[in-house]
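Encoded as structure tokens, the structure appears first; notes follow it.
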Amino acid sequence: MQEKVEKFIVPIGPQHPALKEPGHFEFSVDGEEVTGATIRLGFVHRGIEKMTESRTWIQNLYMLERVCGICSHVHGIAYTLGVEKLAGVTVPPRAQAIRTIVLELERIQSHMLWLGVAAHEGGFDTLFMYSWRDRETVMDLFELISGNRVQHSVNLVGGVKYDITAEQKQKILDGVSYLEGRLQYYEKIITTDDTFLGRTRNVGKMTKEEATLLGAVGPTARASGVERDVRVESPYASYPDHPVNIVLDEGGDLTSRFIVRIRELFESIRVIREILTNLPESELTVRVPRRIPAGEVISRVEAPRGELFYYIKSAGGENPYRIKIRTPSLCNWGTVSSVAIGHKLADMPMLLVGIDPCFSCNDRLVTVRQETGSQTMYWEDLRKYGVEYYQ
Amino acid sequence: METEKLFTIAEALLKPWAKEYKRPDENRLDVYLVREDLLEAVEGLAQARWGYLSAISGVDLVPPAQDGTGENQEGRLEVLYHFCNSAAVLSLRIEIPYSDAHVPSVCGIIPSATIYERELMELFGITVVDTPVPDHLVLPDDWPDGVFPLRKSFTGFDSPQAQES
Amino acid sequence: MSIGTMFGDIIKSLFKKPATEKYPFERKAEPERLRSKLHWEPEKCTGCMMCVKDCPANALELEVIDRAKKQFVMRYYIDRCTFCDQCVRSCRFDCLHLSNDEWELASLGAEPMTITYGREEDIQFLLDKKANPDNPGGHPECN
Amino acid sequence: MSLTLPSLVSILVFPAGMFLILLGMVYEYVDRKLVARYQNRFGPRWFQPLADMFKLLAKEEIIPDGVNKALFIFLPILGVTAALTSALYTPMLGFAPAFSFRGDLILVVYMLSVLTICLGLAGANTVDRFSLVGATRTLTQLFSYEAPFMLTLLGPALAAGTLQISQINAYAQDTWWMILTQPIGFLVALIGLMGKLELPPFDAPEAETEIVSGALTEYSGRGLALFRIGKNVELVIGLTLISAFYLGGLANPLEFILKTLGLLLVIALLQSLFARLRIDQTVGLWWRIGAILALVQILILVVSRLFF
């Protein structure tokens, strides 16, 4: 007799309470145990790479900052560093320092956001509420520096917009000191609370070998003991003068990912303090020509989620010829589908957020809108449509 | 210097296949290959554990001039395989003509390349031979065949490229 | 072995004021550098169009009636503006600035989302021109 | 028993019926508010549960394809009826129960489980995957906490020497608070109640980040409203029973309010203290620790009765 094994598939997404952004996963389950996983992306596909080719170098900065809402500054940094290298200009040291401070503040913000989301997925809403409450401290610091909480837009092509005054410096130092205390407390919770450890220990275990093979980056790789951190390997901005110590953990499971992310923040706080106390005096901007000389450049920076890779090619005009963006989440996807198998369904949301996925980061190429199945609209048309709609 | 040492090793590894080396800046090494040698070169790097595949970029190289002289020149596509190792970035570059736009899949050697290869296929129209999952990754399921958004000829759905198909 | 590590925090919160801000009933002071509605000073403008060119959201339109007489009208679309501050940085004559206290810009219609800056008579002139395109009304040198 | 006016009043107005439904909403509000305060938030305003209920009752009820329609409509009604019926035998507000007979404790315990079973069946009735997983989890959880929970209610009954709720209540008022003589039983009963109500950390059956809303995913409108009423009623009855048994009985409304709200304060604290347990962890916890603790408590009772 031929036995027909029927797969019971639990879809997660594109709309699902566990996912704050659209992505689609299908988990085949046997009882509570997951036997397979597939991924489909593209639900928030916006066509940014194509759009860069029709915009000026300056306009592109603001669009690329919007690739991701959580790590907008790091996209700006990757882009401006690349463009400045192509143009052959060096940004003044004070601007570099301010960029680095905002980078590290952004890392704190991003990891605390992630801590809250991960706790929520684990059904620990109290930790979620508290970590987001404390994250407000960083958001207030962004407000202090740039006026905006999320899209700080501190960068200019060729420098930064905002200076940090002595008074602000003190406020930032106070803010990070408060956060340091809170983070120590959260570290204690995630490493000692038994109900929480029950959900994270030995979940999603990935060995160093697997992490290397699957091409994991950022905290996901570092939690498996892979030494990958662009800030250390190829320092940019102020990192050559204020080196970062790499934070590693050998566990490879979710607990390790929690630990690595939180410990990384202590390192961030240390770097912020170090730079703030040695803030160099200089101009904030340098002139960058409107036409960038022909050439190509590769710009790598360490985003909160891992290595962010930009390939920028200029043909000498006012617009870039080609910009390729490879975001860290894209590298880490591969790890989920292979690690998921054999785990409980209840662990899936935790496993997904374990890599801190950013859907907008993955989906960035061409925007299309379906109009009753027949007409496909391109971005310009869509925009016209939108403008007309509201007139 | 560490980076220099890494590049020396890479150059030695790629010696049998490299057509040309270039050093655009201190952290980069560009190695020009022909398509037929790609798999062996990638295999060589992977076996020596030289870094990891960080990204695959496609670039559409339109014919140089449209003033009549370059009209019979065919456009070319360039595919760059970026390998990162510490601060060093090694790019394997291959160029292919529009009419023969296919590359071999490196997924057999590096499984995580599948996402980048799917991107190449749907956005540039480069056929990746033997890639494990040839489905759409980011474009909608009902996206018309033969429309490749990141080619320079695509300027929207009223563009000649989209009209043709 | 430890259970309920957040006990201390939780008990304290019971006797503490909630952290939630009761906007719109209670308001905090605006941050000093907040980026909100754009303002334009026509006296300083030279009509160089740099702001329009650099705006990533195409939120600015500058109509030059007469460059020599400094007759400009600026149309500003708040609903497109991303408040990125680039126009302010691009302007070499310091005639643009973002205010820091006009940030509650939501409205029920598209009407208040377009703001026209400029002298009354210039705006009126443009409106007349729009209404009656054949007769530009006594300004022969308009573009 | 025949349907006389007093019995009709007790079924429709007090202690079951309207009064209990309203009281359930008040307790839901207090619970939500307390959890919010523990989390340093404001929490809902006082009329929120009422507004939710009106909204749900006024909404269209969508019956999905592929379900047994009669069952789909009938299950929430049965669940609420069972919950309300059990209220007739409990000392609501500290007054004597409306009805009473020897062994009514057993009836109440079973009536309280009917709601959970209805929930499980409602989930299994639909073809939705989330509902099915939720239903499996609901029923799995039911079988894990039910035995310990019953054993803990049996403790005071053994001490009082009767299975009649009103008599246990009267006995509890005369002796030491049984929380002092049977602390283990109290703890297990309290946590058992949380399991029964699917409150965190035992909310795996309706874990929104995994299976949306569990067994109730396909329910909307009246059906959902009824299930929620049932849950609220169960919360009140559970609190009443535990405070009547373990907290020195319920003699008057003031005592009732103070004791049940005190219990709610503790339950809300426990809710905000833990991360959600996986369903296998829940089952393991109950059978490995809960059941054994409850048995130990009973054993201590029996042994002490033999010797003293």
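Letters are used for the chains, namely A, B, C and D, taken in the order the chains are written, and counting of residues starts over at 1 for each.
Everything that follows uses one rule, which is that a contact is a pair of C-beta atoms (placed from the backbone, for glycine too) under 8 Å apart; a residue touches a chain by one contact, two chains touch by 3 or more.
Remember, it's a predicted structure, so these values are computed and weren't measured experimentally.
The greater number of contacting C-beta pairs, out of the two interfaces C-D and A-B, is seen for A-B. Measuring from the averaged C-alpha position of subunit C to that of subunit D gives a distance of 56 Å.
Taking the mean of the C-alpha atoms as each chain's centre, subunit A and subunit D sit 44 Å apart. Here the CA centre of subunit A is 25 Å from the CA centre of subunit B.
In subunit D, the residues touching two or more other chains are 38-41, 272-274.
Residue positions of subunit A with contacts to 2 or more other chains are 126-127, 130, 133, 193, 195. Within subunit C, the positions touching two or more other chains are listed as 3-4, 6, 10, 19.
Of all possible chain pairs, the ones that touch are A-B, A-C, A-D, C-D. Residue ranges on subunit D touching subunit C, taken from their complex, read 34, 36-43, 269, 272-274. On subunit C, the positions that touch subunit D within their shared complex are 3-4, 6-7, 10-11, 13-14, 16, 18-20, 22. Listing the residues of subunit B that touch subunit A in their complex gives 24-25, 27-28, 52-55, 57-60, 80, 82, 84, 86-87, 89, 91, 110-112, 114-116, 119, 123, 136-140, 142-144, 149-150, 152, 154, 156-157. Residue ranges of subunit A in contact with subunit B, taken from their complex: 41-42, 45, 47, 49-50, 53, 85, 212-215, 233-234, 295-298, 300, 307, 309, 311, 313, 321-322, 324, 326, 330-331, 333-334, 362-363, 365-366, 368, 370, 373, 376-381. By the touch criterion given at the top, residues 55-56, 58-63, 126-127, 130, 133, 136, 143-148, 151, 153, 156, 161-162, 185, 188-189, 192-195, 390-391 of subunit A touch subunit C in their complex.
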